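So that you can tell them apart, the chains are marked A, B, C and D in the order they are listed, and the count of residues begins at 1 in each.
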Amino acid sequence: MQRFALIGAGFIGSVHARNLAENPDVDFALVYDVDQERAQTLAQTHGARAAQDLDEVFNPEHIDAVFIASSTNTHAENLRRAADAGIAALVEKPIDMDLAQARETVDYVERSGIRAMVNFNRRFDRDHAQLKHLVDAGELGPLSLLQLTSRGPALPPLEYLKVSGGQMRDQTVHFFDLARWIFGADPEEVFVAGSALTDPRVAEIGDVDTSAATLVFGTGALAQIDSVRHTGYGYDERIEALGADGMAESGRMRSGNVTLFHGAQSRTDGLHANWFERVQPTYAASLGGFVDALERGVDVPVSLRDGLKAQAIAEAATTSLSSGRSERINYGF
Amino acid sequence: MQRFALIGAGFIGSVHARNLAENPDVDFALVYDVDQERAQTLAQTHGARAAQDLDEVFNPEHIDAVFIASSTNTHAENLRRAADAGIAALVEKPIDMDLAQARETVDYVERSGIRAMVNFNRRFDRDHAQLKHLVDAGELGPLSLLQLTSRGPALPPLEYLKVSGGQMRDQTVHFFDLARWIFGADPEEVFVAGSALTDPRVAEIGDVDTSAATLVFGTGALAQIDSVRHTGYGYDERIEALGADGMAESGRMRSGNVTLFHGAQSRTDGLHANWFERVQPTYAASLGGFVDALERGVDVPVSLRDGLKAQAIAEAATTSLSSGRSERINYGF
Amino acid sequence: MQRFALIGAGFIGSVHARNLAENPDVDFALVYDVDQERAQTLAQTHGARAAQDLDEVFNPEHIDAVFIASSTNTHAENLRRAADAGIAALVEKPIDMDLAQARETVDYVERSGIRAMVNFNRRFDRDHAQLKHLVDAGELGPLSLLQLTSRGPALPPLEYLKVSGGQMRDQTVHFFDLARWIFGADPEEVFVAGSALTDPRVAEIGDVDTSAATLVFGTGALAQIDSVRHTGYGYDERIEALGADGMAESGRMRSGNVTLFHGAQSRTDGLHANWFERVQPTYAASLGGFVDALERGVDVPVSLRDGLKAQAIAEAATTSLSSGRSERINYGF
Amino acid sequence: MQRFALIGAGFIGSVHARNLAENPDVDFALVYDVDQERAQTLAQTHGARAAQDLDEVFNPEHIDAVFIASSTNTHAENLRRAADAGIAALVEKPIDMDLAQARETVDYVERSGIRAMVNFNRRFDRDHAQLKHLVDAGELGPLSLLQLTSRGPALPPLEYLKVSGGQMRDQTVHFFDLARWIFGADPEEVFVAGSALTDPRVAEIGDVDTSAATLVFGTGALAQIDSVRHTGYGYDERIEALGADGMAESGRMRSGNVTLFHGAQSRTDGLHANWFERVQPTYAASLGGFVDALERGVDVPVSLRDGLKAQAIAEAATTSLSSGRSERINYGF
């Protein structure tokens, strides 16, 4: 049984709170938020207590693990405190918006020896995981090409976009991680072309909302990722993995299974209206993977270094957007 | 907020307990079971209390509604006690294995004026409900034909089959109800052919495991239902509704969305391994429909009389299995 | 190389003419029709000659095989002439509208020793044949249930219906044959319920346009067939075969493969607008099967007796429509 | 009625011969091939004559149109002769392997005023054309992204690859054309990353067999194309078009429609084993489009200039493969 504290009681914090409450191997003890009332409300709903301050949270006598779901600029500091206290940590991405800072933080945390995991929840999607299983089982032979689709459904608020770091660091980074994970290798180069097609203000803040990325791996294998902020048809995520012996697809997921045949056409339930509907089950699965590793005393399924690497790809990708050429990815270690 | 007591802490009772605990309009107060320890354990898991006896349950000062999930032979008696106490009731089917007894019970309960619903959970399947919505919206025009599939995955234990009342009363009855509900009308005749193909002992106890039923409605519209106890491919449920203007299908539901293309074929995730995986979400939805009706003071979505009618069809269907002819359905009221 | 004469230059005759012209093992020599001009035109299009009379057709010095696609009331007579001449024959169903006459004709033809095949073209559908292959390969285990769908798209002219023999003999007979073929066995009993829902005049002429048939085989295995004259969504044909180990589906065939995702729904190409579009390729395949048997000197893939048996089922089915009970099928031999 | 001569009696010539013979608006008169016997055989099969020499072909008294399906190095010369003779021409791509030569040829032909079309047959694929129809009807809103897949099934012989001009000019050029056609605009830049993964000898001859191309249009819209020479699962071609209001997909086409459900998985017919099976119907449709334009006296559906433009993209794409940067496309006019 792992005694958990949750840091951050916002929207995503409340998702994690429910999963912490329902995980049979978790004793959900504390919630901390800078807004104490919000912490109080969330804690009560799930039979936990609100922590007065972070000292209460980072107390290894009562807490075995923290789930860091606070604002991005506090991730690194909270990770360091967990490292100091010898408490395991599961942290939302990114570790730090600044890659150099993120690297120093990871070095620091690794020296402490605590178990720490970055929450790349999409790896825990039932279908993506099944595709990865087929790849690892050799069903496709050596991989040659990956196609990843990351779309919509709607442009986030401009206020959010301004501080998001741009489409590569905010959205596509999840798919850079999926590509690395599925290949079991680090891409060496990245090319991206992108445009602001949805709203002229996206261009004004120097960002893009529609982009096409190409990753090149050491073996010569390739990955293509299309990233789109706005669709007219809901949230669309899919993966194709092609190898010498076959191809596997984790297909776009429909919200239902009803078809109406009428005249020369048929009409079927489309995709989920928003990203959360689509990816919701991945959060419990990701938490489950972390808890399971703690219980069994084995490595966590996604390391902080995995987080760093995806971020390094996003940096090179952002450079490529303006350079117009394929950029070498600097993993820096 | 509705104060609930749950009667029955077996497998299906534990499913309902979780849904009661998670429904925001429910105050889950009591659990009763003939096995007090089982009641205690289930109550604790969900922050409820175990009731000492049924007097505690049927106390309108503390309880607004009961969920009757106890053994079949207690359904009628518990319904009558709810009627006497003026407490709303949601009851698993059947009301009573004996149709005449069931009718008397329904008459008794109706005279009391309590809200009472039979738990035909499949009506609350997201896809089936969407198909019903298309029918009611007139998208298909007047209905002419319904095809319903109810299959597998595995023969239940013979001990269960012996007391189940036979395939029509135990399994197909859900689909008799779906057919009535989708048509919005009562079928007048039923023909069934059936066989015991899975295990010779099924025939020895006078039951069938594979059957084909045909319902005839007053308009001349038809329904076909195939009911199979054993498949080699999981749990398969689907509906097609055909009208003058088109056709709607609530398709077989797959457990996932991953396809492997290899050579001349592709391989995709199949159906759910068992019935519970497939229908699980319908239980919360069904409870939600009942609670919503109580909260809004409107009719419950499925009446006890709906339960009686499906049972009456199952009686005639059972007769047809041996008579070899289309039997008139006696609704008896 | 087989020298062919075609009898009948109507719509279906012209389909066969093209297939005869394109089959590399066929020397398409003659066309005969009571309307000589029609015969002339069709013959010219495909490099054949118009025959003056049937004596020219049934001349074994110049002709090896006849394709009998003339009006139904001439099938039996033409089969007998082929038998007398020692010429192979491929005949459209039915052999004769009168089952007793049909039986005598088959007895007569069989005594002659010619190769004769009834044109149950649906057996040659690529997908149905693949399903049959899976059944024969044992992939499903022993069969328990078959579901067949035969629908639309539009009510044929009443003038046609009046002389068609009714839905069972005209439409469903193809699916009675498919059921026999897939099972590799003859059903023992048949029950049918049917209605006239499309047009009241269908009832006036004593026919139905919507029906649900159940076949019972000696093993206890079952088949359900729904037959509908009118849909609002094109021509719909599908088969499901269920066995102890799995299920195979020859799915409804779409006219194309384009999907539009928009809002909460998707829109896809529907079914073929009419039956001919859907089944067209089966005609060449069926002819190919016949020609191949002649070339290789082996049994034809569908015997006249297969035609008789499907007709016998249709007779019992027609009786059941009015008797309201399961009827024993009298194969009469 | 258009009197046609076919130049080239190889594999693809024989495909065209059959389509010429079956097109009701075509009088298929002549076949020419450097191998006279091959011409003779093909001509006889379809009721045409073998031409002694090209003077007989380019004779406007007897011929209205030529179909140029001879070896690539003769395309330009044959086009010029058609221009001189005032005979319409349908030519296989490319016009000339050398882009400058191709440009001069097109200028020459355009000055003559003859109708001339390059045979980009994929535009005539039923599903691709339907997708284009949805785009033009405004169902997707302004286009933002295109995804095109061009795969396999098997590496062509090295002897062929050596003279093919490389993957961009030989394979991807068809998809450059599809992208231009669907967008109704010319891309401005192209980036390609590619590798030789199938066979080391592909790299030795300076070619690639697996590549990822990105096109950038003037509006900022993007297209991604993956081109693969070898798959383990047949021939795979698909298109997705994304706009502001929705997305349309011309999906991968299966060879059949049969599914086997067994255990936890299902198995379905996969893709076509080879490219010709998949694209075969497009050849008759493309010829039909050309003939229809001649008959109606309107512009041909694909101009020689369309051929040039696709070729210009392929040139820039080939440059990008080695430069590692996005290359501006020089249409040169």
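As a convention for this text, contacts are C-beta pairs under 8 Å (C-beta built on N, C-alpha and C of every residue); 3 or more make two chains touch, one makes a residue touch a chain.
Since the structure is predicted, the reported quantities are computational estimates derived from the model, not experimental observations.
Enquirer: Quick check: more C-beta contact pairs at A-D or at A-C?
Expert: Taking the two pairs in turn, the one with more contacts turns out to be A-D.
Enquirer: Average the CA atoms of each chain to get its centre, and name the chain whose centre is farthest from that of subunit D.
Expert: B
Enquirer: Between subunit A and subunit C, what is the gap in Å from one C-alpha centre to the other?
Expert: Taking the average C-alpha coordinate of subunit A and of subunit C, the gap between them is 57 Å.
Enquirer: Any idea how many Å lie between the Cα centroids of subunit A and subunit D?
Expert: Between these chains, centre-to-centre, one finds 41 Å.
Enquirer: Would you pick out the residues of subunit C that each touch at least 2 other chains?
Expert: Those would be 140, 231-233, 236, 245-247, 261-263, 269.
Enquirer: Name, in rising order, each residue of subunit A that touches subunit D in their complex.
Expert: Result: residues 140-142, 144-145, 147, 149, 151, 189, 191, 193-198, 210-212, 214, 216, 219-224, 226, 228, 230-233, 236, 242-247, 324-326 of subunit A touch subunit D.
Enquirer: Applying the document's contact rule, which stretches of subunit A touch subunit B when the two form their complex?
Expert: Touch list, subunit A to subunit B: 47, 126-127, 130-131, 134, 139-140, 245-253, 256-263, 269.
Enquirer: Where on subunit A does subunit C make contact in their complex?
Expert: For subunit A paired with subunit C, touching residues are 231-234, 236, 254-255, 261-271, 273.
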